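Quick heads-up: structures coming right below.
You will see chain A twice below: alongside chain B first, and alongside chain C after that.
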Partner chain A sequence: MSQTVSSNNKGASIEIDRLAKTFGSVRAVDDVSLTIEPGEFVALLGPSGSGKSTVLMSVAGFERPSAGRIMIGGKDCTRLPPNKRDIGMVFQHYTLFPHLSVGDNVAFPLKMRGVAKAERRRQAEAALEIVRLGGYGDRMPKQLSGGQQQRVALARAIVYNPQVLLMDEPLSALDKNLREEMQIEIKRLHAELGFTVVFVTHDQGEALTMADRIAILKAGRLQQVSPARELYERPSNLFAASFIGEMNMLPVQWDGANATFSEREHIRLPDSASIETVPSGRAVLAVRPERLSVTSPGETGSWRATVSDVVYAGAGSLLITHLHDGSEVRLRVASAGQAPVRPGQAIGIKVPPEAALLYPADAAR
Partner chain B sequence: MNPRSLLLNAYVYAVLAFILLPIFIILPMAFSETTYLTFPPQGVTLRWFEEFFGDSRWMAATWFSAKIAALTAITTAVVGTMATYALVRGARTMGTIFQAFLIGPIVVPHIALAVALYLFFQNTGLSGTVFGYVAAHSIIAMPFTVFTVAAALSSVDPALEDAAMSCGANRFNAFRLITLPIILPNVISGGLFAFIISFDEPVIAFFLAGIRDKTLPRMMFDDIEQNLTPIIPAIAVLLTVLSIVVLLAAALLKYLADRNSTAREET
Partner chain C sequence: MKAGFFEANGRQMSRGAILLLMAPFFALVIFAFLYPLGSLLSLSVLEPSPTLTNYERVFDNPIYATVLYRTLRMALLVSLLSLALSLPVAILMANSRGPKAVFLTACVLLPFWSSVLVRTAAWSILLQRNGLVNEFLQGIGITSEPLRLLYTQGAVVIAMTHVLMPFMVLPIYGALRNIPFDYNRAAAICGAGPLRSFWEVTLPLAMPGILGGFILVFLTALGYFITPSLLGSPQEMMIATLISQQIRENLDWPFAAALVGVLTLLVTIITLVFSKVFRFERMLGARA
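The block that comes next holds the complex of A and B.
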């Protein structure tokens, strides 16, 4: 696991232990346990309603868990109000105090901690320097752009050197370019300052590029917690497989060594294809579109398919093909050096056995 | 200008005239030299104003009204803000019920309220007391304060207080240091409205008046019955001017608040 912690490892560990939160009859968070190492950057990723924000708000102290424990730096915080947890937090919509100047916004956490005024100003200016807004202290929040406001919010969250930084979809209100710039900015701050980060997002690209580990949630349950690469290459269940990136999914018959599908195609799979033991019978074969390649039809070991659409997209092309039984298989191939393929053409699809993954069928959805 | 919009303009001015005419009629009457109310007034004198300010009974009633109005303003500003906070931020189901109770006095005829309070206050000895007046006036002024504060509060992002708490502020300080300063101009405006409503409130004053202390509107009623001198229009003019000044103050406050939020530094 890649931990980008700098020399001074000053983050706090976070332990989420069997956390549950129910709203009426809705189980927003259902038995979630997650241990986050000091200085680690963890993204909580999931569709809306997956409970990712509720988990974050429980760590922050704004939600009182129905069951379970939250430990920050080894201390039980489950019943502690947010202001006693010494966390830094960045919200979705900046949440700068509109009646206070940028400098006073950033100095606010210091004021709450009884820091003297001159020292507050100095530290607030230093925090503004860190987010590259030095000299902006006298402006009012509404005089700044959205990106600048969110950087002020970031400065306010880190000004008193918290051990934990919580972020609730902090970049979702920004446009694409600003978002990418802020992603780099937050990564840099994390590397420099070494605090622990919990970052909620529904943007998988953001999660993959930023986090040491990604926790995937669905309907309040934790699906998988893995580093980006493992999550992409070996998703632990069908939901994780379909949620991250593109995935071809084919219903197959599995006999313990071979998967048969589309009436006459089969593939022999190594043991490593199954993340967990898959019983014989109905199963699902999953393979990433970019792991497939085109060969001549009838080549041994290739699947027969008919091209139905070719979408040219510069560096790569998307081929949408159909197998004999009509099931769709998508291929992402490099545009250059590729023999032109036309809709209606019969092709062979070559599948490296190590690229295919097998999941039990009943786990689907 | 085409005939249609000409007609519309004429209509608008007619409505305005209808609303404002009584004020313009009362104005010259306050300066009349006659000792009885008459229209058109004759001559110009400040005698009635002098008489009002020189008469200890009128002054006592004025101060009594001012005291009640000031206390009503403070009561509604504080209680109204707390109530509005609960309505806007609090639980929905109970909120609707409480809202009905708070807004209710707008629809309930003041005379009904006055009779009910009269009976209740008679039995509890609150009739004619400052506390009784302030309680009664706060009830009828509360809806206006609640509306004014709610308008400001509903435009304040609740997440601001969460942000303040994540910065280390406790719940009360999050409200005191963040939400309250933002809505303060509206809280003060709400208080000023309450002041005006209380200061020239006639119906409840009529029922609750004690033998000793009378509010200004009640004194005016008594005076009309006995004398009917131009001192009544003189006081009416003064009350109108007071209302205008207070409303202008509220507007100025709003303007200053808007301007300050673009350029203000912590002191």
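The block that comes next holds the complex of A and C.
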């Protein structure tokens, strides 16, 4: 592929240091610190209003932080206007300039940097080839599909070899198939060109599949920054645990070694169950539905439960059950090779101790 | 993608509904505009007998060509001046929210609430020999005795610009307001500073509004009557005043009709050239 675009590349580091942004009395971003390594792919994930977009816009330079510092490639950019930051960005709604052809759109950043016309045309075409839209330069943005437009936006963002690429929910306007195709495309570009990516999304699946590390935000505060696997298997607090994937949460009494349910069924937990020290007393036991399995009722170490509903979904089935104290426990089990379970039936639920996580109760959202 | 003439957003109307909706307006256009214009123009070629003498008279006497040329020049001047004054106002309006936006819009629309006559009369008070403007100029020592400001082309241009400015501001404001904010962000992240971003992105996208406002003001100014006849010098007439004079003082209807014919032709040519050069419909279509 083209040398012009793929040369010179190694991403820049981004250091977000105690960033805060208040709008009136609302703290949109509250004391967020995050260091992103050169070439790393980090997703900012959170519900709407979590401040993830504000963090991104502060890195881009569209929001002026109320406090804190932003360093890009070791350079303090906190007060630098966006046009001087030399970063690429893909927006949610493509934002291709409607009065310019696809080629002129991609060449726009080069024009702003004083690149001569013939050279910009060549580099723009090279960038279009990278996003597999070679030969589309003469068309107008309106003549392209949504997915193609977003790829043009991607080409425009990478054409001048930025060391940092920011993406603000770039795939949310696309339908599911296109979205998956674009996810692969972006991952490929990241691997080939090596720039640092900060990617804002509210889609946890997208964050899990694409990012090296995921930063979870809630109400302007950073909850956890971890690689996907760690985030899923060892969420650091109850919010992270409930936000990513499905999670059973059961109120328990914790005495330092055993978690006891109200009806005195208990489970002995290994030390690794608590991510941080959990004081004795009320606590929450969290376990993923797919880690649970069905056994015969009364088997030692299993929880007694009654099935309330069975939802068949092809490869897997969802069992909704209730313990004797009324708390709901969901199980995801493989549909094949499973003895049929019917609503009303009494079963035992087998819990591998290493699958259970313990959180202090008062840290609940 | 090409939609039928009577089809918008996939909705199709029955022929009857279309005719019903258009009937009142077209009835008005036909009876109050096309019919009188047609009979006036037929007057120009039929009176006193089928002839082109009336038109020959327009072009024979250089004084009429001078009036025509002056009218064009002043209309152009008014359009350029109001464009220069309107663009900043429209930009400010488009970038304002809340009470500030309401206030600005009110300022622009305020002139609409008083009649053109009042606004023009206000200028004749301001510009008279012992008016505010002359007093100010003498006060700061630019001139020692009152200048002749009233009954000049300058007075006409200034007052007409004032009267017609809303027609320039509003389309430009509309066009600017329709430009999504993200475009300027995209331009900025691509490396464009605020001025560059305005020049490369905002201005081209606002062009339909700018051209729309420009042609609206220009064509209105071409045929404008009240302001030139009240503030202008009789020696420096514009065409509307000339036509009125021919009708009311000379009672020369056929010749006045010929002048109307020339003006109408001119307006048509200018509109056609304008839309050809700037591909007017395409831009309007593209923004729709």
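The definition used in the following text is that the second predicted complex is superposed on the first by the 355 of 365 C-alpha atoms of A that agree within 3 Å, B and C clash if a C-alpha of one lies under 4 Å from a C-alpha of the other, contacts with A are read in each partner's own complex, and residues count from 1 in each chain.
We adopt the following convention: a residue touches a chain if its C-beta (ideal position, glycine included) is under 8 Å from a C-beta of that chain, and two chains touch if they have at least 3 such contacts.
All values derive from a computational prediction rather than experimental measurement.
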Three-chain arrangement built on chain A, chain B and chain C clash or fit: clash
Which of chain B and chain C A:Y232 touches, first, second, both or neither: neither
Which partner reaches more residues of chain A (counting touched residues only), chain B or chain C: B
Touching partner for A:D138 - first (chain B), second (chain C), both, neither: first
First, second, both or neither for A:M112, with chain B first and chain C second: both
First, second, both or neither for A:H93, with chain B first and chain C second: both
Those residues of chain A which chain B touches in one complex and chain C touches in the other: 60-62, 81-83, 86-89, 91, 93, 95, 97-99, 108-109, 112-113, 142, 156-157, 160, 166
For the chain C and chain A complex, residues of the former touching the latter: 180, 182-183, 185-193, 196-197, 200-201, 204-205, 286
Touching residues on chain A, where the partner in the complex is chain C: 60-62, 81-89, 91, 93, 95, 97-99, 108-109, 111-113, 142, 156-157, 160, 166
Residues on chain A engaged by chain B in the complex (per definition of touch): 60-62, 81-83, 86-89, 91-93, 95-101, 103-104, 108-109, 112-113, 138, 140, 142-143, 153, 156-157, 160, 166
Complex interface listing, chain B residues touching chain A: 157, 159-160, 162-171, 173, 178, 181-182, 260-266
